[in-house]
Each structure stands twice: as C-alpha cells, then as structure tokens.
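Chain IDs A, B and C follow the sequence of writing; residue 1 opens each chain.
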C-alpha cells in the first residue's frame, strides 16, 4: 500500500489536484491593460462566458513543477525504449533554437528578411542528402508517420506518371513493421500485403519473391529491422522490387545504427523519412513535436512536395511554394508553411557538433552498447535472435519468465520501482512477450552495467518464483498500477464542471 | 566527443565481453558493396563555441519580427508569451521524456494532457478534444478524413475562406484516401457559399471563422443546412485567441473543430513546430484520430491518467487505424496549456479584446490613407485591404523600410487573382508607434 | 439446434433460418478484458468470411468475421453498455448478432464442437 500522509504528498513528491480544482475564472497570471470595449464583430461576440480557470504565476509554476516531478526523463536515467532512440538532448541546441533570428521569424516574411533561415534549411538538406546518399529531401513532414506519408505519396505520384497508379496497388510490409507503415500505406489508398519473418528474424526472402508482381507498388521495410537486425538481404530485396517495377520505402526509425557508416542510397532505397527527434536528438517533449524530413532517390525526386528551396543566380535562396510554379511535378503540400524549423535548428546543431566522424562514432557506440547489454543479459533471458550480434537494439522475450507466472508487463513495472523507464514492451509483434532494449550511444558503460545488474537480479527473483512481487509492482512509482480497462470501458476524456460539486460533496 | 561517454578502454572491454574483434564484426550483415570505406563528405566534429558562432551568423542574416513594425498573421501569430511558459517547458521531466507509454511514471505528462484536452474543449465549445495533432493544416485534413469515415461519404466542400495552405494539405492528405475535394473560389465573406453545394454525397463542409481574410462568420445556418443533408460541419481556425471574444464554433453547431494552437504559448519559429487542436462531439470519439488521455484509478483506487481508446491507433489497428499519426505535438501542447492556465478566462477575454481593438485601430489608420480599401466586413484581429499597388510588391518595399505590413494574398494563392490584396494582422504586441510607422510607410509607398 | 465453429474463433448456432453468432470463450480469454464491441447495423448483409464486427480489449482489437452469409436481423445492444459480458458469457449472453441464413450449406465447412476443441488444443 502507498504510505498515507495527511497532505497526500510523499516527501519530495507533491500531491497536485487538477487545474480545474484549484483555478478559477477570475484568477490570472498575466497583467494586461484595461480594454476600451470596442466591438466590430457584427453581433458575433461570444454569448456564453468563458469557463477556463486561471492561476497566478506562482500558483501556475508550482502546478507544473509538481506535475513534472511525476515524470521520468532521459535527463534522469536510462530510457531504453526500443525503436524510440531516447538519447541525450544537448542544451546548446535549445539555446540556438531560441535565438530571435530563428524563433521570432514568421514563415511568410518577405524572403529578403529570412535568408539566414533558408540557408539553414539548405545546409540541413545538404547534410541529410550527403549522409543518406540520396538525391533530394522534402523537409516539411512534421513527424515520422508524416514523412512516411510523404514518401509513399511520392511513390504514388511516380506510378501515376508511369500510368500505373491504378494497376499497382499492393504494398508489401513485413509483419514486424511499425504500425505506422501499414497505416500509412492504407492512408495512401494502397492495399497492405504482409510478408512474414524467418526463424532468425529477417524478412522471408522466398515469401517476398512470391509476392512480387506487376501489381506491386512498393515494399516498406525498416532497416535495421524491428528485431534489431540489419536485414541481410536488403540489397537483394531492393533489386528485386526494382526489377518488378516497384519502389523501396525504408522506415528510417532505426537509422541511428548506421548513420555515417552505411548510406541508404547505396542499399537501393527510394524514399526514407528521418526522425530528427530520434536520430538527431531533438527532444521528444512527452510525445512531440517531431520532424520527419524525407529523402528521395532520383526516381522520386521530381515528385517532392512543395515548398522547394531553390538558389537564384545571385546566390540568394527562394521558396517555390506552389506546385504550379515548380519545374518538376510535386504531388502537393504536406502542411502549412515550410516544416519544423525549430527542429531543423536543433538537428543541424547536433549534426555539426558531431561531424562526419562523430556521427559514425555515435552509430558504432549505439550498436556497441546494445550488444553489450545483449551479451550481459542473454544468459538470463531468452534472446530469440541472440546467437548473432544485434544492431542498436537488443531483443529479449519473456519465455523463460512465463513458467514462473511473470510476463513482460510485470518485469517492466518492476523496473519502474528500480528507477528505470522500461524497454519497449510487446513489440515487435512477431516475438511473443517482446522486450526491445535500445540504450543509445549516450549511455556510459557504468550506466549499462547498473541496468544489467538490475535486470539479472529481477530475472533471478522471477526464477525463484516470487511472481507476487512482480504483479504488485510498481510500489514506489508516483502511482500504483493503473486500470487501463476501466479507462477504456468508461472513457473520461475531460473534466466536467459538475464534477467539482460532486467531489466537494463527497469530501 | 562531448556527447559520447564511452572511452576507448570501455570500447575494448565491451567488445571483449561481447566476443567481437572489432565493431566492424557487429555490422557483418551489411552488404560489402554498401560499406563506406571513408567518412561521408561532411565537416568534422566541432565544439560548442564554433557551432554557436555558425548559428548566430545565420540568425543575424534574418530580420526578426520584433525588430520591425510587424503586422503579419495569416496562419501564424505573434503574441507575447509569458516568461514562465518557456521556463516550464524546458524542465527536463517535460522536455526529455517520451510519449507516456508507462503511465505510472508519466503522470505529469498525462495530467497536463487531460487538462489540455479539457481546455481545448472549453475554448472551442465542444465536448471532447484529443491530445493534439501535428499542426492546424494537418488537423483539418484529418477532420475531413474522419468526416468521410463517420458519414461513409466521399465529397468535401471547402469554403473560399479556408487558408490556402490548409486547402492544399487537405487535398494531399484526404485526396490520398480517395476523397473528392471541391474547393470554392477564394472569397472574403463567402463561408455560407458552401451551402449551395450540399448534396447527398457530401461528407462535410469545411468553413473557417475567422477566415484567412479575417472575416468572422455566423456558422449556425451552415451547420443546420449541412445537418439537414446528413453532412458534418468542420470548423477550421488559425487564430485560437479569437475564441476569447467571438462565438466559438461549438456553440454554432460544428461537428468537428480543427485548427492551429500556435498563437497560445508558442513562438512563430518560421512555421513550426506548432500544435494542431482537434475537438468533436462525444458520439464521434471512436472515429477520432490521435492520442487521448483518460482518467482512471490505480490499484489503490487513487485517481490517475492513462492513454486510452488506443485501439483506434496505428500501433494496434495498423492498416485499419483512424490515422497514421504517432508522435504529435506534445511539448507545444504543453506550452499551450501553460499559457492558457496563466491567462484563464479573465486573461484570455482581455487579451482577445485588446487584439480586436488594436486591429480596429490599425484599420482606422489605414482607412484614412487615400487608395486603401478595407475589405473585411467583420473581423477579430486580422483583415484584408486592397491598395492600388500590387500586394507582393508593396509588402517587399515596406520590408525595406522596416515594416512587415502583412501577407500578400497571392503568395498564399497565386490562382486567386487577388494580386492587390494584403492581409493585415494586429496583436497586443503592436504599439501605437508601430501603427504610426505602418501608416507612414504605406503612405510613402502609395 | 447445432453449433459450429470457425478457425477465427467465432461460433454460430442455427435455429430455423436464423443463426446467432458470437466469439468463443477461448477467443474472449485470449483477448483479455473486453472494453468495446462494434456491431453492424441491422439490415446489412455479409458474405461468409467478411468483417462483420470488432471486439476490443484495452490493447488489442480483433475483427469478427461472418461465419455464414446472410442479413443481420438483430444485434446484441446490451454489449455496448456492458462489454464485459463477452468475457463472462461468451457462448451465451455475449452473442453479437443474429443473421438470417442465406445458405445453410455453408455450415458444412465449419467445425463441430469436438473438432473445434481439438483445433484449440493444437494452438497451445
């Protein structure tokens, strides 16, 4: 049981009610001059009074600082969430993104007043194309899934240009893929056709060959794949899909393992999004914002969406903002304006800080760290593909724990008590009870040893039959295990005014 | 390298623990033809000082809005953001955490999302809101896709007042799903024109108020007409501050409200990252895209929050998901919710009223200039003007003079033919001196 | 009345020309706590094997396929308010829809109770 205190707080962990229970409509944290009461809205003034509660600044600061302390963060400790690349977020990047010359620029200012911003975009584009060995990049996608959409729409546009958009509708997606891949293919009107995996975690090449045909638009492949392995047949797959008249979309979520060492362009990739918020350290911010610039091969480059960045004869940069103004055949526009500038600044600062040498070293250290964790844990957990080295993430499963009544979710919750964010649970779907561990390059050997020691001790505790300990976890987190079934059966997605009185009456 | 903790000695020890001779052994699956024998052709690592120097030199080549008399809006708005907002969002525990997949150690994020959802619902006058979309334009595109799912129809009628970038984004994203997008010609006061296009195949009409020309419209008759035909009304917006003063779309019958939340809590940042707001009726929640935080209890019965109704989402439903969205605009939604909390009803209504009055003052000043015609009949903080000198040319000339006068509409929509229209915006950040400066410069240019 | 089973773990019980359809207790257990059931509208027709309904737990969603072709004549609205009924009584109170049988011969290809029990045994 959670120890009871009068205040509901526990030491440094402060209890904090909802904003709606502490604020009110008269309270405010801003001082503004009194308005005069002018009204030229033509009778469209708000009829009902606003009911948004406010707080003064000291109250607001406390509210959010108290809430922040209920969160785990990469700045606190290892965050080995597989497929998410939770690496250190350099603070230099934050400072640079806040320079007035970037943060206080409007996207529609005359181009003569934003040449530095356009240069920055051009420089980022140059780094991304050079690193990936591809010919063009669409910077505007707002996140990885948006980048996937961009790449797949470029493929669709290329097929349309060939007159094959109606006949090539099938997209081959491995069963181990991120959910965004089939969701994106479907969002582009394609039919998803799943290809299975071999016993050792790679795309089943024979099955893949069977699926090829003149109705195939593309293959969407994550490489390194979600089992943490470099797809050994990736080049063959690329050659085969090209020979069959289709394109190769690569999900770049795991690009961190190979940046600076392997160029996707050399593997035959036609389109790949790059998660700036994974590979290039722009902060995840509790779920975004991300940025998903999408690199494109020569075959797809003509279809890149607007805006396009072009250099004029006088060396100045301009933006082509409308498809009609482009010399190529853009498929459209992904979003308003030009993309995630704030993320561009941070990502480019990260790249320049590392340089070509540092990025390669970072990829190698990420791979080394994952292999080290795998080496330390594989005698204590089942590692389904553990007889070969992994890339930047180590995959374990709960098959040795289940005999003792402990599952992946229970181990994850026990890790919370040990002060860790757990690995990714139950993904990839092709491995039952998967635990996908991605330490990243910004962890020291000391941190990895500490984590491995904890994991080993927990495996031993499970082997000793103490499943009750795991089922009761977490005991020391800000809350005990939360009831997700109740949340889904009786969805309560907002606070409602009538609750205030109900709660007051109950107390 | 300052960001890499492993020493060479560590690397040697670890390779030996793994049983690998070198790191190359770990890349054994990479085809020989793709192994790079050299570094990629990019500069080597640099220290903080050098990197900072480079970025500062680029930043210095831009003219920040604050260095000018600034009257540009058209989808992105320059408002004052309280200092505490940026301080709070830079707390490590907010800035450097992930999507709250482990709710027991993410209650901070989850509670703020629950509060954000409630604030967005209250502001727009709707029943429920999600935990954010990528931005306003993609939120509107997703609204169109959702309307097609709800109504099982495929045609979307778009008013001539929708921001042209939003229209293009909707064409791209909703068009990809086979939706038929019918866009009406750009019109300053034509939101109701969509009504005449309603038919039995129409999934939704998209209207915007205030629209891209700043026009504020009564959407109620449009909603009634749409509902009579079994269609939904999607109300788009780009300036969230407006709902501090004008009737929100939820009170006028909107089925989905989708738009941009940047103007509360977030800087201009040259167009991104911003935060898409998305609200709807309770009966449609299972058709909604995006993440949702929901209330529940823990094993001791204490209140807590989790991500919920996830079966709509891509990681579970895969090709049958309501959207492919995964990462959204977390930190920008946090900035929104903190700023909104600092404002409260009292602050927001005052802020909105001040914006309206500033815009009225600018309109009065410009109307007094011979040749300038104010085109927008009813506006909040933004309005369109017509001048005898082409819009794009005029704005460029004024920029040389330290005045960013607004958005030439042709930049947003070349095909509109509105070559002489400029959309002018005023916010609380504009001083009387700025307004005088705009008048002076404009007189000089005409 | 005969009850037949599919490989996707639906059951179908025919009484006259009306078939009642649900998911098996095995399926309900595999899914975990059911939180939501999406049912088709009355009057819609489905071919055998088409997606007809969806059953969801907090972390998973499964399509329910029509075990037999026909028009939906009734749906179990009680599941909307009490989805847990699927866990508590999958083969009885937790039924999903009633279908007017279009082609009774389709039943012949489905498993009987003993065959289904063997099939499930083979899955573990």
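Please note the rule applied: contacts are C-beta pairs under 8 Å (C-beta built on N, C-alpha and C of every residue); 3 or more make two chains touch, one makes a residue touch a chain.
Just so it is clear, the model here is predicted, and its values are computed rather than measured.
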Most central chain, judged by mean C-alpha position against the global CA mean: A
Centroid-based (C-alpha) most distant chain relative to chain C: B
Averaged-CA centre spacing for the pair chain B and chain A, given as whole angstrom: 19
Inter-centroid spacing, chain C versus chain A (mean Cα positions, whole Å): 37
Inter-chain centre distance, chain B versus chain C - centres from mean C-alpha coordinates, in Å: 44
Chain C residues counted as touching two or more neighbouring chains: 36, 56-59
Residues within chain B bordering two or more other chains: 308, 310-311, 316-317, 320
In chain A, residues with contacts to at least two other chains: 484, 487-488
Residue numbers on chain C that touch chain B, as the complex places them: 36, 38, 56-61
Chain C partner contacts - residues on chain B that touch it in the complex: 286, 308, 310-311, 316-317, 320
Chain C-facing residues of chain A, complex: 426, 484-485, 487-489
